[in-house]
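Letters are used for the chains, namely A, B and C, taken in the order the chains are written, and counting of residues starts over at 1 for each.
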Amino acid sequence: MVFFVIRRLLAIGVMLVVTSVVTFLLFFAAPTDPAALTCGRECTPDLIDANRHAMGLDKPIHVQYGDFVKGLFAGRDFPDDPVQKAQAPETIVHCEAPCLGYSFLRQAPVTELVTQALPVTVSLAAGAFVLWMLIGVLAGCVAALYKGRWLDRLIVGGALLGYSLPTFFIGLLLLTFVSIRWAILPIPSYTPFLDNPLQWAAGLVMPWTALAVVFAAAYVRLTRAYMIESLSEDYVRTARAKGVREPRVIVKHGLRVALTPIVTMAGLDLGGLLGGMVVTEQVFGFNGLGKLAVQSVTNVDLPTIVAVVLVAAAAYTIANLVVDILYGVIDPRVRLK
Amino acid sequence: MTALTRQQEQGATTPEQAPLLDVRDLRVHFPTADGVVRSVDGVSFSVAKGETLSIVGESGSGKSVTAQAILGLHRRGRGVVSGQIMLDGTDLMTIDDESMRRLRGDHVAMVFQDPLSAFHPYYRIGSQIVEAIHSHRQISGESARTLAVEMLDMVGIPNPKARFDQYPHEFSGGMRQRAMIAMALVNEPKLLIADEPTTALDVTVQAQILSLMRDLQTELGTANIVITHDLGVVANIADRVMIMYAGKVAETGSVGEIFAAPEHPYTWGLLGSAPRLDLPRLERLAAIPGSPPSLINVPPGCSFHPRCAFRDDRLGCGSTVPELKASTGTHPVRCHLPGDRRRVLFADPADPADPADAPGDSGDSGGLGDPDGDPADLGGVGGLGDDGPGGVGGSSIATLSITASAEPGAAVDATPLLRVTNLQKYYPQYTRKLLRRAAPPVRAVDGITFDVRAGETLGLVGESGCGKSTAGRAMLRLLEPTGGTVEFKGEDITRLDGQRLRRLRRHMQMVFQDPFGSLNGRQTVGAIIATPFKIQGISPEGGIRHAVRELMDRVGLNPEHYNRFPHEFSGGQRQRVGVARAIALKPDLIVCDEPVSALDASIQAQVINLLKDLQEESGVAYVFIAHDLSVVRHIADRIAVMYLGRVMEEAPWDVLCERPLHPYTHALLSAVPIPDPEHEARRERILLSRDLPSPQNPPSGCVFRTRCLEARERCAAEVPERRELRPGHFVACHFPHEATAVLTGRP
Amino acid sequence: MTSTPPVAAVSQTAPEGGSDQAKTAIHGRSRGQLALARLRRDKVTLTALVICAALLLVAAISPVLSHWGVIDPLRNNPHLVTEVGSLPNGPGGGMSWQHWMGVEPGTGRDLLSRIVAGLTISLTVAVLASLLTVVMGTCLGIIAGISKGKTDWAISRLMDIVLSFPQLLMLLSLAPILVGVMHQRLHLPEGTPSQIGFMVLVLGCFGWPQIARIVRGQVLSLREQEFIEAARSLGARRAQLYFKEILPHLWAPILVYVTLVMPQYIAAEATLGFLGVGIQAPTPSLGSLLNDSVTYAVVDPAYFIFPGATLAVVVLAFNLLGDGLRDVLDPKGGTRA
């Protein structure tokens, strides 16, 4: 098990390097001039050149990548130019480790932007995750237990409907009707959890619901399928044959096995969400990573886009690792191999 | 022992005569989109305290569904159950779910066929047993643990305290089944239902489990229902037998009656279609034609009549359902034939379908396993004893030596068709540590040597994991051998390039085990049988289609069905398709890899007969790979016994089965159950201890030494050479010896 | 999903020759025919099939309808909107006999016409992207499946890397860079074709690993089947093995996957439109319509709900079809596509 974790950790490290290289190539080696995109509408050729130099884009791509990695671990200066440093230290912007880059449009280190956005995204993702897992797994189990009867059909039909509605559509419907027209729930807003937990939750209920509807739908289907499979296994029959009480048969013998693939999926989905919920944050106006990405795209703020993509890819990759390890924890057959 | 005291109490409080379990007119029907599946259709039987009833039938006969109905396992399913099930005075059909649950595992317990899938993979063996205890008794975790460990000890699991904390996948198959039995018996049930308890196990392990079950029954006094398709197991363990066919009881009686004087034609068929180790070899097996009916459209009248050789429509076989009744007071049979005529038909030695044409009498009758048997009756119908000319025992040795010396003599001038020399197949392994390093390889086949002459059949037997299938594939170079040579007609095929090898393949073919997986479900059987012609670019006389139809006819398929798809055929028919494909190009050699092990007994006989017929017609040579020694003995000219990747012994079939020299062969032979209760009772088994070692880390010297009763120091130090101890009789053992008693049970 | 039968694998498997005998011979029911029989019994899937076919048909002929003047997605009707605020006259967003779904606020363009015309663009994106996804996924999946060792390893790792990039975020982030590339390098006309090309490319390039995994898994399990060994034992070449024995088994999972990935792509196009980076107005697509209608969600809900509901119906119909096809083609099969 220990060797397994170490090997996975190494693999994840390699994956992260490769992912960052790919991102770099995608954005910086694209046949467009990133520097030309640094200053929006007030661009002059001089400003573009200055920014190109400041961002280090005048260096070869592999040097740029090296600088980026150096920035991550040791911090870096923009522009990283010894001459300028000596002559006009006040024009140098220092970016502390872990430095994901510097947004010239926003005049701020990207790391700072990301760390500001992260709590919002995490709050959104965590609440929605809890909600959809509860609803999805519970409803999926019920559907599996009532397989073929009207309750099952109702749940499966509802799930398919929810699964077919795009997030932004659900979000906007909720926002328009529940919040604005009928004023049942307050207009969503973000309050840091530590400031006021109640307000934090109240402001997040609606985006949680919107996200949870789509995901819960998927998990109902998943749970139902795995529960049906698991409940038809021989070991469930054995448990019944030895007189185990039915609730225990369902939960300990059926659900436990069905949960293995569900946990895997859920981990990956959560990892994906932590990279930013572009649509949800946009719909409800939450300044999370997703909204940061949308804004950066609209303003063509390249360093921020790259950083957000990297963070998202890293979140997914790390979720992958966690899931792999969890798999070993859940299933002794994996652990002991 | 608490178990004993409890049994005594029960014996004291309830009258002995009342049956423990009484099932009346049980029906289990499953409604489906295509119609109602009548899995169990009016079954009645009873089980007395402490006795063993065996329910016998082919797949789909309803035997497992019956067992599950007793436990109320259909309550949450789609099955509709009706009838009456009385357990010790309680009507199981009327009690509520909670009361049923209380009975399950406490009063009635069940052991399932596949102990790997029947145990929950996520929980430790011990905790699963403790769960069974805690579902019925409020005792402390500590005492439950003690009880579970005690039980594990009782079923013969070594080091039970440590095993308690292991997971099912850390157990070997046999140990897992022992643990399963421990779990079933831990609450000391009155009735134990074992559904094919040994079918998934190797024959030597099966022998261990059967003997364990008998011992436990003596000790605990539990009543058993053993469900099986194997009449050998029945003869070994049962007091009474119930034969089921298509959801109905065909006949039921004491084990003595069923084996000595079976009255239903289906039972005759079952007895006749399984080759037997103890009887002279028959030319052909008495196969039952056709296959079991669909349970949706059960034939009218007697459901067996379409397959019955003795049906007589004047008696109403095809129109009215016969009643289950005893004709002369011995045992109830569901057949229209008059009782006296049945007995005559069964005893008539001229009838080819009659398994009783074995000569001789029952010898020392009145054996231990036959409490109800009537010795006179046994003698009268030609009991299934084995003292005849072809039988075994001291007198037959002379005969055997003649055969043994005659065989190789006849074939001396013939160059072998296939010469396998020191063939090896290793699978490289890697460590699962931080860095993947090469670990010792798995030696699936580790240096086997034998010849196959043109037109003969070499049987390759061994238990699962012995490398026999790998060997079969490596000798055709379907797997690339790691070492050694395979000469086919004098040419070393291990060095052939791809082109020449492909051309050579027309002369050597294969028949596979899995009748589902070996046919491409996307192609019609016509296209499947035509594949060899197309791949080899051969146009037969009269065109491919004509050839295909001819082939289908030859293997006993309706040529009109060439446009059908494999999923429309039964298992036996599919296997015929596989055979037709293999013989299409008139090969010189066919490797048959467990060709009948996935089939029901009556279908097995059909396929074996077909293979024998084809060999007679065309002179093809077979390498017949199987785990079932009785089947191999029936079809092979010579037999090679494999163990852990090596050949232990190779000899002509009769010599190997009657005068084996290798201790492993002795154990194997002694473990094969024989469908004759008297014989079973007489036999003394060589029960192998321990589990099969890992082929990745085989024992030094002789690989069998860790389980061998004769093992001495030399066995660990030195690998035994393959020696020809008699003409044509090769043994790889330092201390070969004869042990005739293993088969006959006589000193 | 070990053996999913294809719908159309009947004709080539029938023995050659067509004599009278062949006609009188008992014809077996292939798995395809069995699947058809099951399909006929499954009313929900049949309905979904009809709806999907109708939608595709409408999308295909909408340029013709537009040419004939049956629909007119681009004509402004200023007289149908109020002068102040430009909201449609009348209830339900200006619903009338001429304008069944009302009109657009601002321009007064007929909403039904715009939805029908929008379907064409949306479905074009979805169909082309699905095709690209399936072609890439199938090819790479088969190559990975049949080649043991290094190639398989490389493709599998490539799948891991691609999967670690969130598709939507990549669509979003790459939009400013790649739409231009479409025009400049691939010489697609500026505007809508470039936007379509961009979406197809990104959806395809980040979507193929899913199907590649399925196909690879199928090939790996098929390879181990005895009928492959049987063909080898008859002397079949590799090409014969793969094309004659393995490929026919792959049609069913691919078909199911296509019907399941289509709705995802339709939704993705709409989402991108919502985020403002997809098809740009005035060209109608479900995405651009929704993007425009979001601002009116509160004041003119009908304008938001009609395109949204259309989207939901389209996505639901394709999901139902995909689900149903999977059950029909593989009744025992897993629900894990």
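For the reader, a short list of remarks on this structure follows.
As a working rule, a residue touches a chain if its C-beta (ideal position, glycine included) is under 8 Å from a C-beta of that chain, and two chains touch if they have at least 3 such contacts.
Everything numeric in this text was worked out from a predicted model, so none of it was measured.
Centrality annotation: B (chain centre taken as mean Cα position, compared with the mean over all protein Cα atoms).
In terms of C-beta pairs in contact, the better-connected of the chain pairs A-C and A-B is A-C. The centroid of the Cα atoms in chain B and the matching centroid in chain C are 51 Å apart. Work out the mean CA point of chain A and of chain C, and you get 25 Å between them. Chain A and chain B, compared by their mean Cα positions, are separated by 55 Å. Residues 160-161, 163-166, 168-170, 172-178, 180-181, 184-185, 263, 267, 270-271, 274-277, 290, 294, 297-298, 301, 304, 308, 311-312, 315-316, 319-320, 323, 334-336 of chain C are the ones touching chain A in the complex. Chain C meets chain B in the complex at residues 3, 5-6, 9, 13-17, 22, 25-31, 41, 225-227, 229-237, 240, 245, 248-249.
Only residues 3-4, 6-7, 233-235, 237-246, 253, 256-257, 330-333, 336-337 of chain A touch chain B when the two sit together in their complex. Looking at the complex, you find that chain B touches chain A at residues 68, 71, 73, 97, 101-106, 109-110, 112, 114, 117-122, 131-132, 135-136, 167, 169-170, 183-184, 432-434.
Residues of chain B that touch chain C in their complex: 33, 473, 476, 478, 501-506, 508-510, 512-514, 517-524, 526-527, 530-532, 535-536, 543-545, 548, 560-565, 567-568, 578, 581.
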